[in-house]
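Listed next: structures, encoded as structure tokens.
Two complexes follow with chain A in common, the first pairing it with chain B and the second with chain C.
Up next is the complex of A and B:
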């Protein structure tokens, strides 16, 4: 299954999803498409003023352009998601979208999709960390692998 | 407004209105439309639980209260006829909540909702037309359900730029009048006289008359109109009637001389709507000024724009002053007039898209009405932005007058 992860740039979450036979929907793929495309119009991420306009699909013009620009990157990921994992209040090094408003909006949109969802707090102790990984692995095991879904 | 009409209960779901100093303006506007604001009651436990239930976690407690109040309406704990959702302009978190709350209530209950972002400068006058439309939708559903015009009726639309009049008989337009608005009453007289003349009927034969537009109260009193109605409900009705899309969903866009309306309609009744009126750069006036600068008539601008490519002209601003300046600079740098015309249409369409269409759910068919819909480049630019086919019905410029003539025919038997 295609599993949306949040924070969407978390390498640990992305790796875990892959290990259990699913496809992680992570921001790296979207940024990769932009930086590998011909011509670099707007370094470093090659996001142009067009992206915040595309983000209007999710948020009004009153919502800051940075939120809408991020939403343009998430759009293909959100529309493809069959399941999702949201980690609440992670440390920055675990993965971070850098914006509290984006966190609120994306988490809401994922919840509103009514797809299988695992929401859990970022662990603060080693015991919690083991439990954290265990919960994620059980959730991923409960999802049908990508090839079976067809 | 008629004080004998039913009192409408409007739920106020807001964050920051009292601290912005505009609560008395809101109260004043609702009083004028014989409505009352109610604040749905919620328990503290409802507020504590709402983030989990609604799925949206926010930092501001007043926004949590707003979501809890929305839930109280949806679950039927409180009975209201309409909902006003309002938050401070420029608060991103509030804009997100406002949009989702509006959608949640409208989808779950069908109760008409209007959302608004205010500043400390918001006045009762700004809110009045919106409140009028909101209460009309709640109060006059039977009138708005009318799909055919009957008898001999007339409608006058006193707009900020032009005044339109139509005479209708048995579901057909038999006379039309269209004049620039100079003096409100005189222009209305002229447009109405022209429509009557074309129809070949006398004023005293008209069984009922409806007025709409900016000058609706003044001309309504002058002509002793049977119906004086704001343009949101009238235009919605007129648009689906002329486009023959009375059943199901539709989106009505009206770029006016002074403001724009974007209305999401279900079975001819407005559900959600927005009215923009802050920036002239997003109005018909911008196109009028562009036409003047290009030395063409406003009626020729659309055909010119169709031939041009907006991408060839760099516009640095949407503003009616600086945007026109960009167009002038482009002309000086050798741009073709058709490209400039296309860029002007694109600029207006893009502003409508960015500023207003985010506040409603755009559902097909998209119907463009009003005089500006005849500037062909404008519906084309909207089509390109929304990636949907835009319908411009015949007589789209008479939309308000037709809507008024149609609705007022419901008054004949009274």
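Up next is the complex of A and C:
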């Protein structure tokens, strides 16, 4: 199954989801698609004027274009998500994760989608980490295994 | 051709990035490899990179962590060399998560041993009805 992760650039979540046999939906793949496409109109991420228009699906025109631009990146991930793992209040929010309003909107949209959802906190001790990994493994085991990639 | 770039973050006591690089060169696969301070960046065709990194993970299943990366190694928009230094975007997240990786490694070991951790009780907010009862009790006692 395709599992949306938040923070969407998290190494730990991306690795654990893949390790337990599912496909992580991470922002890196969306950025990669834009960077690898031939002919960059607006480097480095190739966010063209078309992207904020896609973001209009989620946010009004008065909303800063940064939110709409980010939502254009998140849109394919949100629409494909079959399940989600959310880490509450992550310490870092940089780059694509650096907009608090977008993050709130993404969290809201995931909850509104009514898909299997696991909410956790980042571990700060070894005991917390054991609980963190155990909960993720149990959650991912309860989901159907990922379809084999073509 | 579906090209992909993956980051291999190594937080191991027995495997060094240079060991992994040698192993990757030995495989003679058609991929681009860059050794970095945190591990390795591998770029190439998706099927080749995925199978290659699957075998690399076996070198230390608890000390090697892998994630996808949008930009290829040495991308001028992202590379510090062309951006006149400073932390590259994504570095701070990696730095924060890198500190937790030893805990995650020991948690994965414990999971494989079949350990079930005791779940901590989360502090919940005071219920409104409970607060009303406390107020009534306090008023009655006066």
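Following the convention adopted for this analysis, the second predicted complex is superposed on the first by the 142 of 150 C-alpha atoms of A that agree within 3 Å, B and C clash if a C-alpha of one lies under 4 Å from a C-alpha of the other, contacts with A are read in each partner's own complex, and residues count from 1 in each chain.
Everything that follows uses one rule, which is that contacts are C-beta pairs under 8 Å (C-beta built on N, C-alpha and C of every residue); 3 or more make two chains touch, one makes a residue touch a chain.
Computed from a predicted model, the values in this text were never measured in an experiment.
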On chain A, do chain B and chain C fit together or clash when superposed?
fit
Looking at the overlay, does A:53 come into contact with chain B only (first), chain C only (second), both, or neither?
first
Chain A as apex of chain B and chain C, Cα-centre angle in degrees (nearest 10):
160
After superposing on the shared chain, does chain C or chain B touch more chain A residues?
C
First, second, both or neither for A:130, with chain B first and chain C second
second
Is A:104 touching anything from chain B or chain C once the two structures are fitted on A? First, second, both or neither.
first
Should A:112 be classified as contacting the first partner (chain B), the second (chain C), both, or neither?
first
Of the two partner chains, chain B (first) and chain C (second), which one does A:62 touch, if any: first, second, both, or neither?
first
Which partner does A:35 contact after superposing on A: first (chain B), second (chain C), both, neither?
second
Enter the shortest inter-chain Cα distance between chain B and chain C once the structures share a common frame, rounded to whole Å.
5
Quick check on the complex: what are the chain B residues that touch chain A?
55-59, 89-93, 95-96, 99-100, 117, 353-355, 358-359
Touching residues (chain side chain A, partner chain B) in the complex:
53, 56, 59-64, 67, 100-101, 104-105, 107-108, 111-112
Complex contact set, residues of chain A against chain C
7, 9-12, 14-16, 18-19, 24, 26-32, 34-36, 43-44, 91-92, 94-95, 97, 122-134, 137
Per the touch rule, the chain C residues reaching chain A in their complex are 3-5, 7, 9, 65-72, 75, 77-78, 89-90, 92-94, 96-98, 100-101, 103-104, 106-108, 110-111, 115-120
